[in-house]
Amino acid sequence: MSEHKEHNHPQEKVGVYVCHCGSNIAGTINCGEVSEWAKDNPHVEVSRDYEFMCASTGQELIEKDIQEKGLTRVVVASCSPHMHEKTFREATERGGLNPFLFEMANIREHGSWATNDKKAATQKAKALVNAAIDRVVHHQPLEKIPVEINPSTMVVGGGIAGITAALDLADAGHHVYLVEREGTIGGHMAQIDKTFPTLDCSACILTPKMVEAGQHDNITLLSYSEVEQVDGYIGNFQVKVRKKARCVVEEDCTSCGICEEKCPVQVIDEGYGAGLGHRKAIYRAFPQAVPGYPVLDKENCIYFQTGKCRACEKFCPTHAIDFDQEDEILNVDVGNIILATGYELFDARKIPQYGYGRLENVFSSLEFERMINASGPTGGHVVLRDGKTEPESVAIIHCVGSRDKNYNEYCSKVCCMYSLKFAHLVHEHIPGAEVYNYYIDMRTPGKGYEEFYNRLLKEGTHFVRGKVASISEADYLPGEEGKLIIQSENTLLGKQQRKPVDMVILSAGMDPQPDAEEIGQLFKAGCGNDGFFSERHPKLAPVATMTDGIFIAGACQGPKDIPESVAQGGAAASAVAKLIGQGTVMMEPIRASVREEECSGCRICNTMCPYNAIEFDEEKEVSRVITALCQGCGTCVAACPSGVIDGAHFTNTQVLSEINGILWDVQTEHEKATA
Amino acid sequence: MKFSYYPGCSLERNARSYHQSTMAIAEPLGLEFDEVEDWNCCGATEYFAINKIPAYALVSRNLALAAGQNGSRELVAPCSACYINLKKTDHALAESPELRSKIDQALEAGDLAYQPGSLNVQHLLETIVKEVGYEAVEEQVTKPLYNLRVAPYYGCMVPRPSAMESFDDPEHPMSMDKLFETLGAIVVDFPLKAQCCGGHMTQISEETALEMIRRLLKNADDYGADMIATVCPMCQLNMDAYQDAVNQHFGTDYNIPVVYFTQLIGLAFGISPKELGFGSELISADAALAKVTEEPPKEKRRRRVKKNAGLPMPVMPEEG
Amino acid sequence: MTEQFEPVIVGFLCNWCSYRAADLAGTSRIKYAPNMRPIRVMCSGRVDPQFVLSALRNGADGVLIAGCHPGECHYVNGNIKALRRFTLMKDTLEQWGIEDDRVQLLWASASEGAKLAEAVNRMTEEVRALGPLRWSEKVLTGNGAAQPAVKEA
Amino acid sequence: MTENGKPKLAMYWASSCGGCEISVLNIHENILAVDEIFDLAFFPCIADFKVSDVEGYPDNYIDVCLFNGAIRNSENEHMAQLLRQKSKVMVAYGACSHVGSIPALSNLTSREATLKKVFLDNPSLDNPHEVLPQTSVHTPEGELTLPEFYHTVKKLDQVVDVDYYLPGCPPEPPQIWAVLQVVAGALTQGDPLPPAGSVVGAGNSAVCDECDRVKHEKAIDRFYRPYEIQPDPEQCLLEQGIMCMGLATRSGCGALCPTVGMGCRGCYGPPAGVEDQGAKMLSAVASVIAAGDETMEEDELETLIQEAVDTIADPSGTFYRFSMSHSILQRVKDANGKGAA
């Protein structure tokens, strides 16, 4: 009829397969009726319904029909394409058809599972099947696009997960850039004294790994550095890394530590020292820091405030101090990126009724980790805030900020175990001390964890099952003077309870890093509602993200203990090693392309692409899509005012036909004719 | 800024000074109160415990009158009990249609009507802190209360208005603390500032009430407070009138005056104590007021890290 | 019609967020109105206003465009362009007498299955209240009769 | 083809302004060549013909009929059907018959609202008995008839099959002359004709292709009404915030209007790859509005974008100025649409 309906109706032979999925679909949708009904669509050559299409027998049906009935298109009405699109594309290919001449109708997740109304579900299934048929007839054969994988990898975050991933890949012979924001790698694990349940000394098991990472020929360690920009796509990332100036010339520095000794400035160490210890203006976080070069803190350095002092420069034997050192921007090309940026301890100051920051003898768990550590500010002695008095009674509060609607609803997995560890350490350091652990549910899920809990019971730790309501110095009863009074319920005794103690340790849970949102946007790895990075699939792909080539490992993906972080570090490394091993990766051919002869050069599309995959040819005055960079979102296709950009596999004709097909039961005869 | 004003019964009798001081500071704070005509009692804490429907009806009448007066949409109640009852009733009417239909019938009898949600019920402290703001208060301060150690006492209803959102932290409110800092006073951050004063427990079981009041007095005293400032006539009454009963019962000798926060604001604005109703309190505040000095206390020099000064405290966000 | 009017809503769900939210609603067996018929697009930025008009012209009573929350788009800012087009399209459709609730935009991340289900329920009731749109039958018919061309003299 | 073997030419004007007839004369002296080649069979604008003449012709008697004007009433439709029956080649000549053009703007309102405005509540009217025109009325002298006033204005191919479309309001003389030569060539020398249904006398790109204003990457903060801004002579008008439909309009006119600083109005209809000109224009313009980005919160984003969009005065009237009949939805649902009177 009208002149621009150029797409006529190619006469295709479509095979339709309606899956029962056991009772998942057949329980609500009348699969027989749908497959029968599909037969009177002019394009349909054969239409079947079958128990389990994803089973090998189901797939064989497709292959056989293609060969015997000469099908040119395949439609499978079953589950979500995110589940079995790959399976059925391969079946279509084995049958001899290009895998993209196939379309799925999601009648399970979007159909049978979403309603109990059998009639409506069947009607909706017919619509989705009809839409798929009307769409698939316009599908074109497409070939996946090979993309070379750059064998070098970037690991962001030098905690235990990042170190493990870097070492695994480096040992496999691949080059790794390990980027760490702080002056040294080690992460939170370096701050911990003992690890549960074996009471291994954390530094003893961590530092060898740090040294190995620091000296590995395949690892370029970029410490005191942050990623500023990420471009490109899987196999071909271009990353801008800002190597912050530490005012120390790394080549000349021998890590002798004299500069640290001579520096007159002493400030509270909010970073590694968790606010309990002190450090100099030029410092190494801890003796075993890797790399061993110190970092100059410009905010507190006298030279940078007043221009005087320069003590470190004077005493440095190898003249390695350079106050004028500039930040360096490095352009690093890598094939894959593993984010292992870790967590942040929940800030107990957010719970005023626990008094952290107001009541002297209330300590956070990291503060206690530093205190109990032999190289810590108190040389490992457990003392009150006055730095001298040993507490006779210590309360350890579990679930601070966790499992609580006002703060974090999730459980942080590790606090019960490290609270048990603290209880043991207090007994060990102060044999006579009374220790009270306030818990809601004792969670000891790991290997040897429950045994550790039983050991604590034998050591005479008092376990009070109840959420602590408040910690305050307001004494009512005799014997409460000068003490911290823990007001809580005791659900096992079924009554309120007040307990005066000398010292309180708040076992806070794990928060996502404060800048997780920005980091997520930088690397195109989204964050979930809890603020941690979202994995591609909670069960089957815990270390992959929605973006190909970007992986996550460790606490940045959610609260977890050291063994799990190490396991995820290894998993991410093996996922990357797999890609490197393959050498090339076949990318979905969903790309945009411009019909240049009809392009008017209006340049509307130029600002549509976040991947700079559209360039403007100045002489010919036409725009062009760089296929390699295009990620196939289709935003430019929808914006092009003369309709000369089309998106493979999501062409205008395909989607418009899908719309017509889906409205089969509300379309008038007139539309049907002109569709 | 214009506000509908609901004084409540206490402000006409035992809490006369609360009303006087509120009126005195209204003009400098730029607050214009027009009282709800023919308001009736709000049932305080007792009536809701005895019979809910008539209690809700009683309070709804005040809401209907205030809304009908089409003055400002904000209804201010200085007394915590009135504030809680007005806010709770407005919330309940919005939440449950059956209650609403019963109350509508009651209101129709006095040809009144009330659409839930049409009023924004505020406590006076909330109005001063949120609507006026600390800067505006500071501008009016002419005689700062230097050297006066004040313990701000919030009680339990203002920080925790049952199901509804509180304008301050429910466990550890700080709005009145900041207000007194603005007035130049030394604020005593005593832990029980949001614990219950016993309310009408003095009528039901005096011994329990006396123990609750003793705890508050002991805590304020332990922290060296010269006086306690409160936002509710019932809390004032319990701590002021029953102080010597506590002393007799427990053999203690507390002598801590209990005043209204509006009286202290008035003092800092240079208004005379008489005009602010000072003198009506049973434990006289004169001795405490005498401690106010002209110059601010010597600023402690924050020395750098002292030798063996123990372990550093974590920095609180505001200070840090 | 004896039983009540069941609106047909065409939903354009973006592959990374709202389509997966619908999948999640399914896997968690959340029951919601079956009136929304989803069409998968790679990004909400791919939804061409012509798709919306074509759906309305072919019998849909409502159109839902669903994408990732601003800042969470898998393609960085496809959803921002979708919001710009949606805002201009709303003003335009208003002039065509198409009620506000018939074409809606919703942000739903992959973990917000319940939110999507609830939004579909709400939109279904809103469109049900507006009644059938059925553009061809109710708007384009009844244009007046034309005298037939005279036969061969 | 009858006695003298000259091909028969017809031109009719349905709901139109007559500009198309004048445009034919604008081919200057070439009109003499036309006269030489063709025999006029029916050209009411310039020669006295009667409908009965056409009714008398055998079917397909007319070789080529240039039909301009939209289908506003039943007479228009009747003549369209009649001429279709009598003509071998039917050309939708000019924007009205091609895409609906200005007459079709009445699809933004309704028949009732139009009649009410014209005959009932109008300041200069004196119609106390509120008389409305009727399709037939009986008078002593006999029955008087009027064509039926349609609720929806249609384009030619919505009532009859159309062989070729010659866009433009009016079409450009050089394009007209080119088309006439092709038709003449085909009729007299049997040269090949372009495929049926194709758009002739125009390009297959958009107006920007022919517009030599400099184009950059687009990021528009707000739009201006023409009187609000003095356009820079070199730079693309849209980038300066002047609404120019050029990017969503088929090329062929040589970008006459944008070249002189007047935003294109879209009279050549949509480019080849576009279904609905207004929707595509809307999509392109909205996409390059420089309001909001992915770092902002949702409500801030919405207010910023709404403010920028509000500077576009009458979106439907602007984007669909020429193509209401050609649009997917064709007309508004009811007259209360903001665009309707």
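Should a chain be cited, it is by its letter among A, B, C and D, assigned in written order, with residues numbered from 1 in that chain.
Definition applied: a contact is a pair of C-beta atoms (placed from the backbone, for glycine too) under 8 Å apart; a residue touches a chain by one contact, two chains touch by 3 or more.
Everything quoted here is computed from the prediction, not taken from an experiment.
Between A-B and A-D, more contacting C-beta pairs join the chains of A-D.
Per-chain Cα centroids separate chain B from chain D by 74 Å.
Averaged Cα coordinates give chain B a centre that lies 53 Å from the centre of chain C.
Chain A and chain B, compared by their mean Cα positions, are separated by 48 Å. Computed from the mean C-alpha positions, the centre of chain A lies at a distance of 56 Å from the centre of chain D.
Of all residues in chain A, those that touch two or more other chains are 521, 608, 635, 638-639, 652, 656.
Counting only residues that touch two or more partner chains, chain D has 274-275, 280, 283, 287, 294-295. Contact of a single residue of chain C with at least two other chains is seen at positions 48-50, 54, 57, 71, 76-77, 81, 85.
Chain contacts in this assembly follow no simple pattern; the graph is neither a line, a ring, a star nor complete. The set of touching chain pairs reads A-B, A-C, A-D, C-D, using the touch definition from the header.
Those residues of chain A lying in contact with chain D across their complex are 1-4, 521, 595, 597-604, 606-608, 621, 635, 638-644, 652, 656.
Of all residues in chain A, those touching chain B in their complex are 266-268, 275-276, 278, 349, 351-353, 356-358, 360, 364, 367, 371, 377-378, 383-388, 470, 472-476. Those residues of chain A whose C-beta lies close enough to touch chain C in the complex are 80-82, 106, 108-111, 113-117, 120-121, 123-124, 127-128, 131, 517, 521, 524, 526-529, 534, 546-547, 590, 608, 610-611, 631-635, 637-639, 647, 650, 652, 655-656, 658-660, 662-663, 665-668, 670-671, 675. Considering their complex, residues 6, 8, 10, 16, 19-20, 22-23, 25-27, 29-35, 37-43, 45-51, 54-55, 57-61, 68, 71-72, 74-78, 81, 85, 109-112, 117, 134, 136-137 of chain C touch chain A.
Looking at the complex, you find that chain D touches chain C at residues 55-56, 58-59, 73-74, 77-78, 81-82, 84-85, 108, 148-152, 154, 159, 274-276, 278-280, 282-283, 285-287, 289, 291-298, 301-302, 305-306, 309-310, 312, 314-317, 319, 327-340.
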